[in-house]
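Two complexes come next, and they have one chain in common, subunit A, joined by subunit B in the first and subunit C in the second.
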Partner chain A sequence: MKRSHWSIPYVVFLTIFVVLPLVLVLVYAFQDGNGHFTIANITKFFTDSDALGTFAVSIEVAIENTLICILLGYPAAWILSNKELNRSAVTIILFIMPMWINALMRTLATAELFNMFGITLGKGTLLFGMVYDYLPFMIYPIYNVLNKMDKSYSEAAQDLGATPWEVFWKVTVPLSMPGVSSGILMVFMPTVSTFAISEFLTNNKIKLFGTIIQENINSSMWNYGAALALIMLIIIGITTLFSDDQKETAQGGLI
Partner chain B sequence: MKKFIAQTYIWILLILLYAPLVFIAVFSFTESRVLGNWTGFSARLYANLFTGDMQGSSSLLSAVENTLLIALIAAAVSTLLGTVAAVGIHHLHGRTKQAVTFLNNIPMINPDIITGVSLFLLFVFLHFSQGYVTVVLAHITFCTPYVVLSVMPKLRQMNPNIYEAAMDLGATPSQALWKVLVPQLRPGMVSGFILAFTMSLDDFAVTFFTRGTIGLDTLSTFIYTDARKGGLTPELRPLMTLIFLIILILLVVINVRQAKTKRTV
Partner chain C sequence: MAGEHIIDLKHVSKRFGDKVVLDDISLYIRKGEFVTLLGPSGCGKTTTLRMISGFLAPDEGEILLDGKDISSIPPYKRPFNTVFQRYALFPHLDVYDNIAFGLKLRKTPEDEIEKRVKKVLKLVSMSDYEDRDVESLSGGQQQRVAIARALVNQPKILLLDEPLAALDLKMRKDMQIELKEMHRELGITFIYVTHDQEEALTLSDTIVVMNEGKIQQIGTPTDIYNEPVNCFVADFIGESNILKGRMLRDRRVAFIKHEFDCVDEGFGEDVPVDVVVRPEDIYFTTDPAKCQFKATVGSCTFKGVHYEMWVDTDTGYELMIQDYDPYPVGSEVMLYIDPDDIQVMRKERTCNVFEGKMVDETHVAMLGAEFGCLPQAGLSAGDDVSVEVRFEAVDLQDHQEDGIVAGEVHFLLYKGDHYHLTILTEDGDHIWVDTNDIWDKGDLVGVNIAPADLKIEKRNEA
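Here is the complex of A and B:
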């Protein structure tokens, strides 16, 4: 038996549990309750102002969250990877650790903290909590790329007369873009699709796109739920096209 | 000066990041039902957690049990399936290899909710009643790609001739497998297993959509339902604290060991 045949069981598995389910999302999205073809589910979304509003809010929150995570996370990753500024491996572990703790638990703890200080749950707490949950996912891939980066590039730039500022913007930042784009991938899509997190952080006042998918599926409106899932899949397709697939850099290294 | 600003920035972020966790840990040592209300030091909640003497205890403890069992089964099966698959994919060429790698990437790119909803539709479509089995299958689906990704680099580093050499020297294929291939891949398999195990522990959305209506709860779904009912089971506080501590210790041990082996090499 050729060793390439060892991939066959997995290919069969992927076909049943990955490809077929996605095809079913497509099929259900274009069916009515009786299994007849229809585009009503899709048109329903585009004429439903509630759903459209939720969609817009989700994208807005996701963009804001991603931007804040980059603004806060990039300097942190840069400092952590800089041997002169940070020598301790413990700080790096401390930044990674929240990724390993159940997001629901962390979110709940955050929401309780807000409650204790009497802060009303709403848009502000939602953003704060989201940044909180996803910041490590931005820091880690950027840190990984910066850490593995060949230092001789920035040294060469320095030798050739670049100021530290120029070295940073013209050498370090461009070379670390793969880390940033995998960070975006790990922050943006989860923000749009999360449902429990936004429910906890706003006390159900603000709904995100994930929540309406969940509500439809749970109230047996499978076809409309599938149509909403399909719309989300299309957005994922678009975001993945914009950012190269850098999951391997994101996942490698420290565990 | 620069170093001082940098360190301050890092520590402010860390303090903010850990405030809720510390908050939970502090209030795990008081009996009050409502968080943030300190009614004096007490280790009652910890005692309750271990003796199971509390309201709704059986459901919390069985949720913990389910979580661990599901994670263990899913991680074990994913490691087996993923390692075999990685060897196969490593020996594929050209278009086929690209196609299979692409398929393998899909579950990692898909948000949990899409994985959850699509698998839910699959089980509905196949008239497969949802419960333990469907949750485990769903977890295997999103865990295996990470095992494949962890094992692949080890295959690339491996000298392809060792396996052939073992065969030339008279090893049976199964001896070559267990004495040559598996030892070479073991580090990748171990990190794949750990990754799969924690992914499964962490999961909420996929479990939520594939657990059916038989009342199966993992820790995540338990917390979700509990929080929606309003008022969190107080015993969750010591439980979370213990989980934070275990994970912190594990991460420190793993990383210190890694750093040591790197230094000695």
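Here is the complex of A and C:
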């Protein structure tokens, strides 16, 4: 058997579970209820102010969530990677552990906590839930880059007269950008498409883009739902391209 | 060469955990000097450099700059710059910004930065490379940028941590000459760390030979080469024949079972010594009147400039000789050595001395184990004793389990007709051994000593 044959199972898998669904989304997006070709689904989105509004809110929430995750995650990753501050691997596992538990369960539990303490559900609780869910995805790639970073760079900078503060801003931060962009990719994209968090943590008071896709599909509006999914895919695709500009992303190491 | 001291190390010690990496080092460096710290890996040379640059603090002792203690000054405030072994150029900056890094931190005006960067690039012959990405440069070019990045700040001292180790031989030779020229041109102090003795001899005004955290010898390259103070230095610097000898009286020494005139005095009469003869200092002669001893050529290898020959003397010793002319293998040759070329060294030790404690009449505890000994009259269990063991009485076994104590061959020296080994035990004790068997550095061995070979004496509490 030729070595190239080994890839057959994967090709089959990808065809059935990735390519085919994508083709279906594409086909449905450009069909009306009777199976005729149309671009009405797409134009409907761009004229539907509700949908556009939801879209804007989704992007806004995703940007806010990503920013908060960077602000909280970067220092955390830095502390974790600093051997003088953190000598134990246990701390790292504690930070990563939430990733082991189903996000839906964590979200439900968070909602219960808010109920218990009588906190009104809204944008604040939404962001809290999102940050709670996605923070590890920001910390881990940054931690990875910082952990592998050659200590000699920071020593060279000190040797050239940089104070610890200057070493951080002029060497550590620029050299850890690949990790940050991996983190952004892993936090921003899923936040745009999530619907469970907004459902549980705002009782659907705040609708996200994922929510309206889900609503359309749930009420059997397959074609419009598919069109929205396609638009979201394109947007996510664009952000991916944008982060791929920094070709070191691969070095950043997603996992 | 009297100049004022720029750096003084006073009784500096450093430990990492239990391991003593620097043991009471004292050293001064004069202004404008090219000083090389030379030694095998793990000898403490890099640790010393890192203490001067400020990345490590000494556990004991102090480091003075121009007479003032700098222990509490962080690295970024010290007026030194370092060329790192792996260069550590910032990959996110181009050549120009790498070099300008230090100047920008000091808020130097832009036009001044440009002038100085251009000047230093010219010094390292890297003009026109300003805009290049550092990762696109070859090893040699990165090296030059690293030197430029350090020199542009006009440091009081330039520290170089094995800067040429990653370059190939030809490039290394070229860079050595350039470094030497830079040192002369700039007049600043260079502190250079290397394990390459040839590099040290070529570059330095002063060489500090280090081993196992201790300074072995400080001197000019010619001093160190011609007058090594001990076997380690003689063996580490250049090729040498190190032989057991006996100082008969002033200016007369015996080794390889022949007597020679020498220039050394003051050892006393009939004292065991070590003798070093460099292989290029043994001369061939056809004049029977000059001949001091005869030998048979055992092997002859062409080494480019000279031939390297191993000869067997008529008294059963093997010597290495370097000469411009080859002599056929198997031929009988007549040899002599000039009195000037015989370097006599006091023996560091003539036998092993261990501290131990009596367990019972026929057992002594030492080196972390129990050794059997002959019945000792007048000693009772619990007595502190010192145990002498001759070098040749130590028996080495191939397998660690076969010995009373397990160890590793740490250092070895060929002494013409036998090997002198240093065994490092698992507890960190040293055992010195003379043997005819061939061992390699790093071999794991078991150590046995026969009961009759333990010479035990009660230790006086002092």
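In this section, the second predicted complex is superposed on the first by the 244 of 255 C-alpha atoms of A that agree within 3 Å, B and C clash if a C-alpha of one lies under 4 Å from a C-alpha of the other, contacts with A are read in each partner's own complex, and residues count from 1 in each chain.
Following the convention adopted for this analysis, a residue touches a chain if its C-beta (ideal position, glycine included) is under 8 Å from a C-beta of that chain, and two chains touch if they have at least 3 such contacts.
As the structure is a computational prediction, the values presented were derived from the model and not from experiment.
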*Put subunit B and subunit C onto subunit A via the superposition and say whether they clash or fit.*
fit
*asked:* Tell me the contact category for A:Q158 with respect to subunit B and subunit C: first, second, both or neither.
replied: second
*Touch check for A:R106: first (subunit B), second (subunit C), both, or neither?*
first
*Determine, under the contact definition given at the top, whether A:G225 touches first (subunit B), second (subunit C), both, or neither.*
first
*After the fit on chain A, how big is the angle at subunit A between subunit B and subunit C, using C-alpha centres and going to the nearest 10 degrees?*
80
*Between subunit B (first) and subunit C (second), which, if any, makes contact with A:L241: first, second, both or neither?*
neither
*Name the chain, either subunit B or subunit C, that contacts more residues of subunit A.*
B
_Which superposed partner A:I8 touches (first subunit B, second subunit C, both, neither)_ = first
*Please provide the least distance in Å between a C-alpha atom of subunit B and a C-alpha atom of subunit C in the combined superposition.*
16
_subunit A residues within the subunit B interface of the complex_ = 2-11, 13-14, 16-22, 24-25, 28, 72, 75-76, 79-80, 82, 84-86, 89-91, 93-98, 100-106, 108-110, 112-113, 115-116, 132, 135-136, 185, 189-190, 192-196, 199-200, 210, 213-214, 217, 222, 225-226, 229, 232-233, 236, 240, 245, 247-248, 251-252, 254-255
_Looking at the complex, which residues from subunit C come into contact with subunit A?_
53, 55, 74-77, 80-82, 84, 86, 88-92, 101-102, 105-106, 149-150, 153
_List of subunit A residues in touch with subunit C within their complex_ = 150, 152-153, 155-163, 166, 170-171, 174-175
*Using the touch rule from the top, collect the residues of subunit B that touch subunit A in their complex.*
2-3, 6-7, 9-10, 13-14, 16-21, 23-24, 35-36, 81-82, 84-85, 87-93, 100, 103-115, 117-122, 124-125, 137-138, 140-141, 144, 146, 148-150, 153, 191, 194-195, 198, 201-202, 204-205, 208-209, 219-220, 223-224, 227-228, 232, 240, 243-244, 247-248, 251-252, 254-255, 258-259
